[in-house]
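In the part that follows, the structures are each spelled out as structure tokens.
Each of the next two complexes has chain A plus one other chain: chain B in the first, chain C in the second.
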Partner chain A sequence: MKRLPRVGYLMLLPFFLAFTVFIIYPVINTFTTSFTNDSLTSLNPAHFVGIANYQNELASSLFWKTFFNTWAIWLPNIILQMALALFVAAVMTNYQIRLKGKGLFRAVIFFPNIVTVTTIAILVYALFDWQSGAINQLLFGSNTSKYINWFSHGYWAQLVISGVQTWMWFGFTAIMLISGIQSMPKDYFEAAVLDGASDSKIFFGIVLPIIRPVMVYIMITSLIGGMNMFDLPWVLFSNTGGPDQGAMTMSVYMYSRAFTWDQNLGAGSAVAWIVFAIIGVFTLAYLRVTYGKENAEETMK
Partner chain B sequence: MKFHLPKRVLTLGLVGLWLGSALSFGQWAQGRTLTIMTFSDEFKTNGVIADFEKLTGAHVDLRVVPNEQYMNKLIPLLRTHRDVPDIFVGEAGYIKEVVNLGQSVDLGAAPYYASTVNQYPYAAEMGRDRQGVLRALTWQTTPGGLFFRRSIALKVFGTDDPIQVGKHFSTWSKFIESGKILARHGYYLLPEAGDLGSVFFANKKEPYFDANHNWHLDPIIKKYFEVAKALRAGNMDMKLSDWSAPWMDQMNTPPGKAKVFAYLWPTWGLFFVLSTQKESLGDWGICHTPLNWYWGGTWLNIYKNSPNKDLAWAFISMMTQNEPYMEKLALRTGDFSSDKVVVKTIMDHFNNGDPAGVLGGHRNHNKIFAETADKIDASGVSSEDRVINQVVGSVLDDYLNNKFPNVDAAMKEITTRVQQMYPDMNY
Partner chain C sequence: MSQTTTHATAHQQHYALPKSFIGKKGITIFSYGLMLLLGILCAIPFYLMFINATRSNNEIFSGVSFLPSNHLVDNFMNLIFGKVSAVDKSVRGNGLNIPQGFLNSAVIAVSATLLSGYFSAMTAFCFSLYKFKLKKILWALIMIVIMLPPTVGLIGYFKLISGLNMLDTYWPLILPAIASPFAVFFIRQFITGSLPVSLVEAARIDGAGEFMIFNRIVLPLSMPGIATVSIMGFLGSWNNYLGPLIVLDKKSLFTLPLLIQQLNTTLYNRDFGAMYMGVALSVFPILIAFSILSRFLIEGISSGAVKE
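Up next, the complex of A and B:
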């Protein structure tokens, strides 16, 4: 009996090894690098520079521009995404509607989530091409004078990326919400119906409060993903950030700082930790607003 | 009288001869491995590796790293001096960064004594570091030209003769005036005004940052913005994003339906892009642009601590010094050689145009390329070109979309953005 735990530890070893190599070590390495002048353009060893990288980045106007860009892309996306997902979840779980082909519908709305970002970027280029793209033709028909050059202004580029993110993720969010609603005891619905509650009363009075933990989970994971948004802006605009640098997110900035521009690994690492702190602050703030101070701290633990 | 050698003696003699010649002249590196780290598999596809392995008996280990990640992979290897390839390369956008690392052997010194006498000046210049030491060599050059639609030229300028058409584009003012004429006839001079970038970037007279890290924005960049703005203002470009589907589609439109008069391509554009546009084959002519320019190219370096420097030099020597082999390679691949003698020797092979028929036998494109390559000045190329040229392109887009009141404000924006990207330099 006494030998069993040792075998158990042995079985866990591959995971801990991988976790140490791929998570713990990079995190510690990034932290220590952020206090150095380590650079990819130099073959000289790195030197300790204290908190200079943090000071420089926090004083950089471009960093704060990327901060606001990231929010400008994420915020409309999460609002629209949540609204769409809630609507879909409400419709698909409504026992009165009895929608046919739910499985197929679920697969269809989930589909954008499994398509690679590069494929989506090609689609975006084709759909949003201002002269021949389907979006302008759909919006303005043959009135070509009204066609919008979607990649000519920062706000249009942000809107496009935000919209694409919504399209990619609302299906996933809807499925999470559907699972949350379906896990609720049916008695609640039946009691509410017997008491004569309307659909909207049931939704806002019963469903929403009960699925709040699911929504909180979605919001926090989306916040983390949103603040780390890299792939689509990068594939569309590379390290330039596109028109007006409007599509340069914090992660694009971080990567460009470390690997593209002056290849300053120290500065890039500092940005990574600043982004981590920003995510931490906003997550805590959101939890406090949602659950109150004590519960928020409990949830964070 | 018949003289009969015993069969066994004859066989042994022949085998001995073959072995002897192989060991002494060819297969001298049997059992050794040469490691090359590059960003494409062209050495494999164009048969260079097979030729080298046959010649030396060595095995070539080709490591292909995507171009955009190449430097990020190479630098850590050079830092740790572990697993460094015998040969590493540099693309035009970052070859200066590679040669300035000081990790490549001096190819101009003993025991290599590489000759650049027959090389196009810019090809050799690109391989030199800040001190002028020759660190890298290339086997190809990539001069560019204006590839125009002959059907449109005939209609608008009354001639499709490249020499006559070229006269309409010999200076920037003529270039813009001809654009206006084309616009009046309902055609666009270029698919996108920003496409002129390669032409201007190749004509910087000084690097973005000098040896003392001082920032210089070459006046040619301002000229680039002014010409691009004139084209946009006169509705002379079709505003198609480069490499987008509509941009490609215009290139493949059959004669009579094409709206875009010309595309700017270097040598490889002819062989890898235009030759695949089946609908427009034969409708293209080529002439000079107001400035001589290039786009692309690959330079080869030998790692200074490589244990296989002799083998690496054998490879580079075969590619860049051995003129008979370079002739063979240029004819096989269509590459425009870096060696003037080679180009001259095989010039007549292209009297009927390119093999794919893009130019319809209209003109020897290599004559245009040779004239251009000889005049290219690479003295303004710097390590930061790859990144800063992208910044310039991005600011140009904003300038063309009227984000700045004037060209000087756009120039100021370039400096601001570069300062954000390279904060430790002097501005």
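Up next, the complex of A and C:
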């Protein structure tokens, strides 16, 4: 491979300049801010407060409530999403089934994924409205006494948000799994068939291990996205967190602390880094469970 | 397993699944049924959205309908120009300028996508065809940043933008696109996988400089990869909510997601006709673009998945 000539460094410059200014610096700045009492309202310059912000947040019951809210929304979503996606991928790649309109089906289940979350949120708001929403009207017809007020309890709000996440993402996940299965070398399958392996053995012994890297990738990106869920609960309920504050995710809490309630940038930054740490811990734990101890570090590289 | 099965697999692109999983008739019908249900569940909210955009508020409250009504224009006027004043019928107030939102979003997303496409390809070109100091470390850094959660630098980003006096401008939403780690990763894969190195060497022998080689040879040849990742980048920028939320305060500068979010305020709270019209207007262009580009987009995402 040729050495990069001098002009090459100039060609790398724009990327790394923007990279440093707009990505690396903000991350470091958020980290340093988390050790100060910086605030949007205070006129005094920020000063160093040590780990006080972290101590306050980790001792705050509201923070832990948002932690459990976030999991209550993400966990059912990822389980259902993965199950549906596996099912769709299994049917779509089965050679014994000649489905018509596979391409259309793929496009239809993928479409919710590309629509702006704000738009989805307003649509959810309208469709789940308990008086005028189509969901109640379809479920209970004109029997208005049975209508469910979806945004009256924390658990309903969590269920709706979780379900909408599944609805938005299972198609994407299915497409990833399908391409994972189709990347499987033909001879694996043929050898297994010739050796007389049973159907279920082929699925659990060959297909699942083949798509495991894709599944791990989906799990980790979904975890990162799920722990950072902001748009949907924010557009629906803003900084109130909805009924019983059940829809207040960690990111909504972070944003509210930093920009709306007490405009405390220090506390908000600390929350952001705690969320980051949580993601790191769960990602490592998940990789260890899936790949075993010695391979986990290898996969991270 | 029978000989025919083996034979069938050799000629099919799709493999997999145990016969016992769906082989029996009942299970097959169940599978089809569930697939159909999933398809309907994905499509019906959008269908009802378009239908309800044509219905009056009273009609929407009175029950669900699968057929359009005739209040399309009313809803559109209420949304864009505001509701008719109860006092003076010729006065309307507080509409949402959705076309302006479209324009604003388009300006940002198109500029960001062009910058991202060009500079990502340039960076990927250097990484795939040359060796240089710190290459491994820099690449590792790019890979780590791809997996960084979006909120971890949010407050620092806000402080930076406000320090640069760039709040209420589009610069902080456009310029960061120059550094799009995922696009660099994706295009590097593409260049490594399908660019004939001999072409580059031939150009070099002919005396072309590296910058010229990039612009004249590598850039055009990498277009399929750049286009795929650009669609994803465009969608990301178009759908970005948190960035504009932090940067923009002036209503005339609002992007489409910020405007759409306004539908959830007291202004439109109980006017569902106008609300449905707002979301329908924002979905419609995406639907048209998607029906043309869906194959391309889905294949791009699939190719990304296999390379993991």
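Please note the rule applied: the second predicted complex is superposed on the first by the 284 of 301 C-alpha atoms of A that agree within 3 Å, B and C clash if a C-alpha of one lies under 4 Å from a C-alpha of the other, contacts with A are read in each partner's own complex, and residues count from 1 in each chain.
The rule is simple: a contact is a pair of C-beta atoms (placed from the backbone, for glycine too) under 8 Å apart; a residue touches a chain by one contact, two chains touch by 3 or more.
All values derive from a computational prediction rather than experimental measurement.
Visitor: Put the two structures on top of each other at chain A: do chain B and chain C fit, or clash?
Guide: Clash: chain B and chain C overlap once superposed on chain A.
Visitor: Just checking: does A:129 make contact with chain B only, chain C only, both, or neither of them? Give me first, second, both or neither.
Guide: Touch status of A:129: both partners.
Visitor: Based on the superposed arrangement, let me know which partner A:213 touches: chain B (first), chain C (second), both, or neither?
Guide: A:213 contacts chain C only, not chain B.
Visitor: Does chain B (first) or chain C (second) touch A:71, or do both, or does neither?
Guide: Touch status of A:71: no partner.
Visitor: Classify the contacts of A:90 with the two partner chains as first (chain B alone), second (chain C alone), both, or neither.
Guide: Touch partner of A:90: chain C, not chain B.
Visitor: More residues of chain A in touch with chain C or with chain B?
Guide: Here the partner covering more residues of chain A is C.
Visitor: Regarding the shared-chain residue A:259, is it in contact with chain B (first), chain C (second), both, or neither?
Guide: After superposition on chain A, A:259 lies in contact with both partners, chain B and chain C.
Visitor: Quick check for you: in the superposed arrangement, does A:193 touch first (chain B), second (chain C), both or neither?
Guide: second
Visitor: Give one of first, second, both or neither to describe whether A:15 is in contact with chain B, with chain C, with both, or with none.
Guide: So A:15 only meets chain C here.
Visitor: Just to be sure I read the superposition right, which of the two partners does A:56 touch: chain B = first, chain C = second, or both, or neither?
Guide: first
Visitor: What stretch of chain C clashes with chain B when the complexes are fitted on chain A: 80-88, 98-106, 152-160 or 296-304?
Guide: It is 80-88.
Visitor: Where on chain A do chain B and chain C both make contact?
Guide: 125-126, 129, 131-132, 259
Visitor: Sort out for me which residues of chain A touch chain C in the complex.
Guide: Against chain C, chain A makes touches at 1-5, 7-12, 14-19, 21-31, 33, 38, 84, 87-88, 90-97, 99, 103, 105-112, 114-119, 121-123, 125-127, 129, 131-132, 134, 137-138, 141-142, 167, 170-172, 175-176, 178-184, 186, 189-190, 193-194, 196-203, 207, 213-214, 217, 220-221, 224, 227-228, 230-231, 235-236, 251, 254-255, 258-259, 265, 268-269, 272-273, 275-276, 279, 301.
Visitor: For the complex, give me every residue of chain A touching chain B.
Guide: Per the touch definition, chain A meets chain B at residues 40-41, 43, 56, 60-62, 125-126, 129-132, 149, 151-153, 238-245, 256, 259-264.
Visitor: In their shared complex, at which residues does chain B touch chain A?
Guide: Spelled out, the residues of chain B in touch with chain A are 71-72, 75-76, 78-79, 97, 101-103, 238-241, 244-246, 383, 387, 390-391, 393-394, 397-398, 401, 403, 417, 420-424.
Visitor: Residue numbers of chain C touching chain A in their complex, please.
Guide: Touch residues, chain C against chain A: 1, 5-6, 8-10, 12-23, 28, 31, 34-35, 38-39, 41-43, 45-46, 48-49, 52, 57, 60-61, 63-64, 119-120, 122-123, 125-126, 129-132, 138, 140, 142, 145, 147-160, 172, 175-179, 181, 184, 209-211, 214, 235, 238-239, 241-242, 246, 256-258, 260-261, 263-264, 272, 275-276, 278-279, 282-283, 286-287, 290-291, 294-295, 297-298, 301-303, 305-306, 308.
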